[in-house]
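The same subunit A turns up in both complexes below, where it pairs with subunit B and then with subunit C.
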Partner chain A sequence: MKKAPILKGYTLFYLLFLYGPILLLPIFAFNDSKVVAFPLKGLTLNWFAEMAADQNLRTAAKNSLIIAFSVSSISTILGIFAARASVRYNFPGKAPIMGMIMLPLVLPEMIVAMALLVVLLSLGIQLSLFTVIVGQVLICTPFAVAILTSAFQSLDRSLEEASLDLGETAVSTFRLIVLPLVMPGIMASFLICFTISFDEFIIANFLGSGKPILSVYIFGQFRFPAKVPSMLALGTVLVLFSIILLGFAEYMRRRGIAKAGGKDSGGLL
Partner chain B sequence: MAQPLGSEARAGLKLISPTAIYVILLLAVPLATVLIYSVLTGGRGNVSLPITIENYAELWTKAQYGYIMLKSLLVALTVTFITVMLAYPVAYFVSFHVKPERKSLWLFLITIPFWTSYIIRVSLWFVILGYGGIVDSALASIGLPPLNVASYSLLSIVIVLAHAYAPFAVLPIFVSLEKVDRSLLEAGQDLGESRWITFLRVTLPLSMPGVIAAALIVFIPTVGDYVTPELVGDGKEPMIANVIEIQLLKLQNFPQGSAFAVASMLMVGIVSVLFVLWNKRYIGGQK
Partner chain C sequence: MTTTDDRPTMIEFKDVHKYYGDYHALRGINGTIKAGEFFSLLGPSGCGKTTLLRTIAGFEDISSGVIMIDGKDMASVAANTRPTNMVFQSYAIFPHMSVEENVGFGLRKDPRSKDEKAAAVAEALGMVGLKGFGKRAAHALSGGQRQRVALARALILKPKVLLLDEPLSALDKKMREHMQVELIKLQRQVGITFILVTHDQEEALVMSDRIAVMFDGEIAQLADPETLYRRPATKKVADFIGTMNFIPATILSEAGDKVEIEAKGLGRVALDIAQAPTPAGEDPVVGLRPETLTLLYDDQKAPERETEGVIDEVIYFGDMTYYDVYLGGTDVEVRLSMRNVPGRPVLDVGTKVRVAWSPSALVLFR
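Entry: the complex of A and B
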């Protein structure tokens, strides 16, 4: 490897730019001042206490967990169907169907949310946590399909054939051979969808009709200066939470590739 | 279908049907509805016949709509340009100067911020750039006057979006740089070209597909971003998504809002197609 001190310096600077705002989170979450500004005043845990005591915040967090859990389960299941079908079979209309499934990746989220909202309003359907789940599944499924497609692709077809030759049925082959091998991919898909859903704002805001959901709640609270420090405490907790979740997802993804005997070819995306 | 489907085709269709039905009912049908609404007449909260092109005519004649679309386009293209320019050297460094076994660690480090709460990151910028915020108070403590960046709404929108979507740009560029055949670079240098010329004439053209993919990946979400103009720009500089919200939700003008949404999608589509066509030139040259 050739040394490139300027490039390396630049890259480190770039990482600092990326992480800068996030590094400010813990600094001001522990700062003993109502105003989020320099100079720092001293250490306090008050903001974490205020956060923990906030009843609305708890409701919002509970709702977000319900939504994220439902969305990641449904998206991963829908993703398994689509990824398995597209890797294993050829069928008429494959390209347009897969295109439609992946479309939300290249469509501004606002358009997806508004199109769905217009239909729901026209049909007179009451907005609720359920409508948020329905909408977010559209956003998360393409990510699930992308992750699961690479999981199914690295699967050795001859293992399945061997199992069928030895007298297992298609269903039991799937359960005994395919599922265990793609399990890490399924876990990674579940975790990624969970993170996306937990963080998602547009659909939560417009299809949730003001129901307390974490991202919507945070967005609202930042408008009140007095609430900002406790939101920074919450942010610190959330960032830690998602780094742990992502580290776990990345570990699962790598284990999956190693298990299937493939070669690691990049990150999560 | 004239001919009966083979067993493989039937198995495939059966397997994909749950996902396909879900997206057809909940994505294709709503998008089609918006398309139909955009050519209907209507007032507050309802739509009716006859079919009309009035909604589109209004978009064309009223300057404010054109201004919003042009502004969103310019903001998104500026953000895209900045993001890609900043990301290229990073992708180049990771691809050419990092040991193979360390590459995924670097990529992981670059992607983490993208996965941490978007809403927290954008809101943080609101606190960082805002009046008496972190930047200004830090400047004041070393005796400098405040910059008050937040009062320049468009500038702060560009900064925040460029930060929010930065990691999007690194990955596609990295992937295309990884594909560059290293022996071509040696050949260039053996033939007496300097490293800089080799980069300009070999590496850069070969990595252009990644650069254009990166541009596309950044452009689409930024042009449709809702949160940043609303929060950081304080709603003073609405972009496409904010206007769609106002038309459809606040004014409940379904036909006009739908027409605006369709026109915006068309604009995004045209720009994306231009990117893709530009990309074709480089992909064609590679073979």
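Entry: the complex of A and C
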């Protein structure tokens, strides 16, 4: 096979461009200097301590966790209904309905956020954590549907029929057969929606009405050069947190497919 | 062949129709299946055999008509309370459970004690030759073993009817032939009515007491294997079951219980009316199975009739040789099979031969 040095170089450059900046986060988070620049000055944990002591940051983190937990729960439950319906049942208008559920995946988030803001304000609804949750559910549900559809699809229909045939009801069949077999998909959906919600910025900023939410808070802190290193420390923690969550989600998804005896048709990772 | 006529009726179909939207999947199914019978639904894919099986199980409702199981109308009986159990084509083994959890799944609501249930599971596993497999994970089983688990799981509830949806189609040839014999033995042992869906005519002939041959949502013929093979009711059935030579014929006269015909290459033949099933309005042809034709060697004499011919093709199978032979200087070609016994050489293409046949082996389709 012929070597292609240009392609090799391109690939390397591409990967460096993608991940280089992220690698800088931990480097400067441990750097003993207020200025984010080379050369490095020495090792310190001060920025992590400062981050942990920031009361506003804690409130923002708490709010973000509340939002992320609510969004991932609601999106996953909605996703279960939609995925089950699209895999198992035929009904008039199924294709356009499923298409519209998946549309926010490609719709510019800015437009969704603006449209929601206009509607909420004209309805006189106070902006709050709740309105952020509503907006983010809209964004996360398509991801949940995509993951859960693949989980339900890899479930052989005759398994449910076999359970009915052996005397179980539709409800006990769902509990004994369907739920255990799609549980890894449910977990994966929950975790991915959690991650998406946690670092979502546009809707949090538009619909959050200045409430401290982590992504918005971090952006705000960058105006103050002195705060930047502690934000980099926070970023380092979040990167680790995201990698662990997404890795776990993908592991659950693959395990689910293997368990149901299906074929892997490609996932998010 | 066991006679099944004196046994009580287990399943009865009365003018069963099934529509999927505009598609007419079952077109007036009538017939009865006897208790303790090994019954097969045989037909090409899309003929409605699986649909019919699923209506018995209760997975499909019927558009009109009546299905009775053991004297009870099943119209308002849901799948989970019918006295039937099914072995699925995919086996539908629950992948997140062990073998014994799979087999014991139907006993969840059984009031018996834990020990008694465990004994029942062990007995069911023993019956299908899987003694000691209880603790294994379901997904670690081979195809043949999965099928046995599916059988044990369905039989543990002692259903009145066991439904088998192409249970052998996923197995290789050797395993399939082995399981055919095992299924027959098992059916005799438990005495439960077995209903098998298959597209494999050989499998149906080997295993069944009676067979319903289905085409396009209708039962074309319901008979025991021998009748089906020797006296197919239609040309389509004859063509589907085994190999059949079709020879154009003209009907010369029909009087009383005799039909006289002139078959191309064979000449004039007088047939019994039993050899001529109900007319279907087609051009008359006579059907002849390959094994009812025999090549005559040297100065052998035909016991009944003989016709001259020329060998056009020789297909050697080891134990058998198939010959394609042009009959009596015509363009009618028939296939005949000869056992390769000592002193009977395999003949070459182009050899002039004499073919012995018997008028009683003919079936007239018209």
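Here is the rule we go by: the second predicted complex is superposed on the first by the 253 of 269 C-alpha atoms of A that agree within 3 Å, B and C clash if a C-alpha of one lies under 4 Å from a C-alpha of the other, contacts with A are read in each partner's own complex, and residues count from 1 in each chain.
Operating definition for what follows: a contact is a pair of C-beta atoms (placed from the backbone, for glycine too) under 8 Å apart; a residue touches a chain by one contact, two chains touch by 3 or more.
What you are looking at is a predicted structure, and each value in this text was computed from that prediction instead of being measured.
Q: Based on the shared subunit A superposition, would you classify subunit B and subunit C as clashing or fitting together?
A: Taken together on subunit A, subunit C would fit alongside subunit B, as the superposition shows.
Q: Look at A:166 in the shared chain and tell me whether it touches subunit B only, subunit C only, both, or neither; answer first, second, both or neither.
A: second
Q: With the two structures laid over each other on chain A, which partner does A:158 touch: subunit B (first), subunit C (second), both, or neither?
A: Only subunit C; A:158 stays clear of subunit B.
Q: Looking only at contacts as defined up top, I'd like to know whether subunit B or subunit C touches more of subunit A.
A: After superposing on chain A, more of subunit A is contacted by B.
Q: Contacts for A:78 in the overlay, against subunit B (first) and subunit C (second): which applies, first, second, both or neither?
A: In the superposition, A:78 touches subunit B alone.
Q: Which partner chains sit in contact with A:103 here, subunit B, subunit C, both or neither? Use first/second/both/neither.
A: After superposing on A, A:103 lies in contact with subunit B but is clear of subunit C.
Q: How many degrees apart are subunit B and subunit C as seen from subunit A, counting from C-alpha centres and rounding to the nearest 10?
A: Vertex subunit A, arms to subunit B and subunit C: 90 degrees.
Q: Have a look at where A:226 lands relative to subunit B and subunit C in the superposition and call it first, second, both or neither.
A: A:226 contacts neither subunit B nor subunit C.
Q: Of all C-alpha distances between subunit B and subunit C after superposition, which is the least, in Å?
A: For subunit B and subunit C in the superposition, the minimum C-alpha gap reads 9 Å.
Q: Looking at the complex, which residues from subunit A come into contact with subunit C?
A: 156, 158-159, 161-169, 177, 180-181, 259-261
Q: For subunit C, which residues count as touching subunit A in their complex?
A: 57, 59, 78-81, 84-86, 88-90, 92, 94-96, 105-106, 108-109, 139, 153-154, 157
Q: Could you pull out which subunit A residues touch subunit B in their complex?
A: It comes out as residues 1-4, 7-8, 10-11, 14-15, 17-19, 21-22, 24-25, 28, 35-39, 77-79, 81-82, 84-86, 88-94, 97, 100-101, 103-104, 106-112, 114-119, 121-122, 134-135, 137-138, 141, 145, 195, 199, 201-202, 206, 215, 218-219, 222, 228, 231-232, 235, 238-239, 242-243, 246, 250, 254, 264, 266-269.
Q: Quick one: in the complex, what on subunit B touches subunit A?
A: Subunit B reaches subunit A through residues 1, 5, 8-13, 15-20, 22-24, 26-31, 33-34, 37, 45, 47, 86-87, 89-90, 92-94, 96-99, 104, 107-113, 115-121, 123-128, 132-134, 136-138, 140-141, 163, 166-167, 171, 174-175, 216, 220-221, 223-227, 231, 240-241, 244-245, 248-249, 254, 257-258, 261, 264-265, 268, 272.
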